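Paired with chain B in one complex and with chain C in the other, chain A is shared by the two complexes that follow.
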Partner chain A sequence: MSDALSEDGSDINQDDSREEDVMTPVELIAKLEEAWLNEKFSPELLENKSEVVECVMEQLTHMEANLQRVKKGDAKASIHRMEIDRIRFVLSSYLRSRLQKIEKFFPHVLEKEKSRREGDTSLLSPEEFAFAKEYYTNTESYLKAVALKRMPPNLQTVDMLKAVPEPCLDSFVFLRVKERQENILVEPETDDQREYVVDLDEDSQHLMRYRTIAPFVSSGAVQLI
Partner chain B sequence: MFCEKSIELIRELHRMSDGQLPAFNEDGLRQVLQEMEALYEQNQTDVNAAKAEGRADLIPSIKLRHCCLLRNQRCITAYLYDRLLRIRALRWEYGSVLPPNVRFHMCAEEVQWFGNYKKSLASFMRSLGGGEGLDITQDMKPPKSLYIEVRCLKDHGEFEIDDGTVILLKKNSQHFLPRWKCEQLIRQGVLEHVMS
Partner chain C sequence: MDPSEVEFLAEKEIVKIIPNFSLDKIYLIGGDLGPFNPGLQVDVPVWLALNLKQRQKCRIVPPEWMDVDKLEEMRDLERREDAFTPVPSPYYMELTKLLLNYASDNIPKADEIRTLVKDIWDTRIAKLRLSADSFISQMEAHAKLDNLTLMEINTIRSFLLDSLNCMYKLRSNLQPGSSKGQLTDY
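Our next item is the complex of A and B:
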């Protein structure tokens, strides 16, 4: 009896994992677009989606290979070509906006990575982490070589964390709600305002401060637009 | 007045508004560094005097000089950092080889920084998607159509497109080419997108 149960149990588990793994191309592209828009509009760097990136790249190679087999001058071929171009644009644009944020906020991004607890997922993909580290050393040694080492002894270091501006989490973002959220505390902007609580209905659109809804962006409950 | 030279450096960059790179102002930088050295030495002697003879009246001027030193340091790093950002933008605009007139405006260390940046970016792009690689400096604009009409602005020689056909890019000739092949040439100013 117990054997049968455990077998059943393992079967269910397998099914579950299979369901997670199998994603139709349509779902995959939707995921990529979601990540792309969120990354484009959020002021800070979001968690990396390297799995999606890898899957999309696989998909692209696959599509390119399929295209090679199609006869020349086929009308379908150019439609597919267009589709490939579009997907590649979204993918590149997504990776570009991440890289831009890494470059813009590199000391803060690395600091966050350093203070990350064991087991927490990293914001950066391994490639991005390598890039950020190289960017940091490169920039730091450049400043040293050109100016800092020629300055008086007490002024030869610059605190990068203080010198490079932090991402502005108080900037406003447009968002669409995908899952209904209740009792969200909106902090006062000015001294004469008081904090209040709002409910976000599904499919409603809002303009809010990023700081307020940042957790819902990373959980996928809201979509930045 | 202290710090005027360093402000002048910042102003110089500010005047070049649209991300252009002015020549590296080695002379200006040296003058600021000299001013800093002088301020520092004066401060050292005053600090010693204040300690040895207990002259509290020297402290305000020490503080003033120290503020000037910090301000100079800040201005110089801002000047250098802003230049780096402009140089970075050039990598995305022109590709990995810079035109000579831009290179001429950079100092040796900047050229080195650019080389390192180029390398980091290249290895980042190569390692994307599990080692497959993707050039993310391409596809800067959302694609609207597969083929675009381009006009040659200068002689570029022969150019091969995907299906193996070779075309001659001659000045003032007009072609109908796949967009993804011409993007970089357009940015380099070899081709011009003809809008009908």
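Our next item is the complex of A and C:
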């Protein structure tokens, strides 16, 4: 049996190099973890990484299928299972934190999706988009059923965009720099302070406003921590 | 972030173990491990090392920095310097806790190490509180935090960030005419 597993293991690697030369499974998992931490710490919903999610899912199902063929109590299989559980944890925690943000900011998320130009990549995966829409309809009909329909007619509508707080892009975040960035403008806290510029050296860690560095989070030049 | 999630990340760090069984190379999604031969050192992630240790299938070789002399030196340096000194591992606290909890019989002078690491941690956290205090009282907009570990950041994260947000809202309401001043909470 251990033969079956090692063969399958190398199969996975070969598969990958054939399909896309750019990412090995190791890099793929690193990408997932990056996306997980960024999503956890950024105040707004980030672009969805459905490509990474799908690849990881594929790896997991592939590995699980292999493990099906292995008899119980095999030493290697239990190690593989532990690894699968760890990856699955990161994956579901990532997807969960996205759903939480969608629930928190749904009108703004949908608004952004509406104003998206043709050809731009969507913030949401198709499943997340369906979830956001359904959440919107449900919240609306709930509000109607419980309160709004008993209101005077002129008060029966609610503007969701105004009723739900926007993500606060001015929050502070902790970050680690992966690619050096120069001349980042730091806005002053109060009127009597001056604005100034800082350089972000590679591997240095900083505490600053999300708004200032938001573009670098999506480009992957900085990692939120 | 939950401290257990930081610990989860720490469990990816690599340690050396001495297995007492033999096993071929394992092809994990996150990289290859092994082969395992009895008595021969091999690199594995901490999560696997702890699992094998709990099943009494290996001895864990403590990381080089987990040594009383080195840690004493670090503690003294940390107390002397005003700034944060470089740490031996980005997860020094979590690794100490994990390894000492599950493999204390493989680590010489485990109790002394526990106390030393706790001393280093306490000194660093005290510094962290001081700098957070001056960050807020001087109303800074940017801080450099080199040499801080994730666990250390995590201990003040929610408190510091929430306070900063609150103060930001209060302050921007004091400046009339600023478009940033709208309260976002309803």
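Convention: the second predicted complex is superposed on the first by the 202 of 225 C-alpha atoms of A that agree within 3 Å, B and C clash if a C-alpha of one lies under 4 Å from a C-alpha of the other, contacts with A are read in each partner's own complex, and residues count from 1 in each chain.
The definition used in the following text is that a contact is a pair of C-beta atoms (placed from the backbone, for glycine too) under 8 Å apart; a residue touches a chain by one contact, two chains touch by 3 or more.
A quick note: this is a predicted structure, and the numbers were derived from the prediction, not measured.
With chain A as the common reference for superposition, the partners chain B and chain C occupy compatible, non-clashing space. Within the superposed three-chain model, A:95 lies in touch with chain B and out of touch with chain C [touch as defined at top]. Put chain B and chain C next to each other and count what each touches on chain A; the higher total goes to C. Contact with chain C, but none with chain B, is seen for A:205 once the two complexes are overlaid on the shared chain.
Once chain A of one complex is fitted onto chain A of the other, the partner contacts of A:59 are limited to chain C, with no touch recorded for chain B.
In the superposition on chain A, contact is made by A:138 with chain B only, not with chain C.
After overlaying the two complexes on the shared chain, residue contacts for A:215 are found with neither chain B nor chain C. Once chain A of one complex is fitted onto chain A of the other, the partner contacts of A:163 extend to both chain B and chain C.
Legend: residue contacts after superposition of the two complexes on their common chain; A:189 is shown touching chain C, with no touch to chain B. Least inter-chain distance for chain B and chain C in the combined superposition, rounded to the nearest angstrom, is 6, based on C-alpha atoms. Chain A uses residues 82, 86, 89, 93, 163 to touch chain B in one structure and chain C in the other.
If you check the complex, the residues on chain C that touch chain A are 1, 5, 8-9, 21, 23-33, 47-48, 51, 135, 139-146, 148, 150, 153, 157, 160-161, 164-165, 168, 171, 175, 180, 184-186.
Against chain B, the residues of chain A that register as touching in their complex are 53-54, 56-58, 61, 72, 78, 81-82, 85-86, 88-89, 91-93, 95-96, 99, 103, 126-128, 130-131, 134-135, 138-139, 142-143, 145-148, 150-152, 154-155, 158, 163. Those residues of chain A whose C-beta lies close enough to touch chain C in the complex are 2, 5-6, 8-10, 12-13, 25-26, 28-29, 33, 40-41, 59-60, 63, 75-76, 79-80, 82-84, 86-87, 89, 93, 162-163, 165-166, 168, 170-174, 186-191, 193, 198, 204-209, 225. Listed in rising order, the residues of chain B touching chain A in the complex are 29, 33, 36-37, 40, 69-70, 73-74, 76-77, 80-81, 84, 88, 107, 109-110, 112-113, 116-117, 119-121, 123-124, 127-130, 132, 134-136, 138-143, 146, 163, 179-180.
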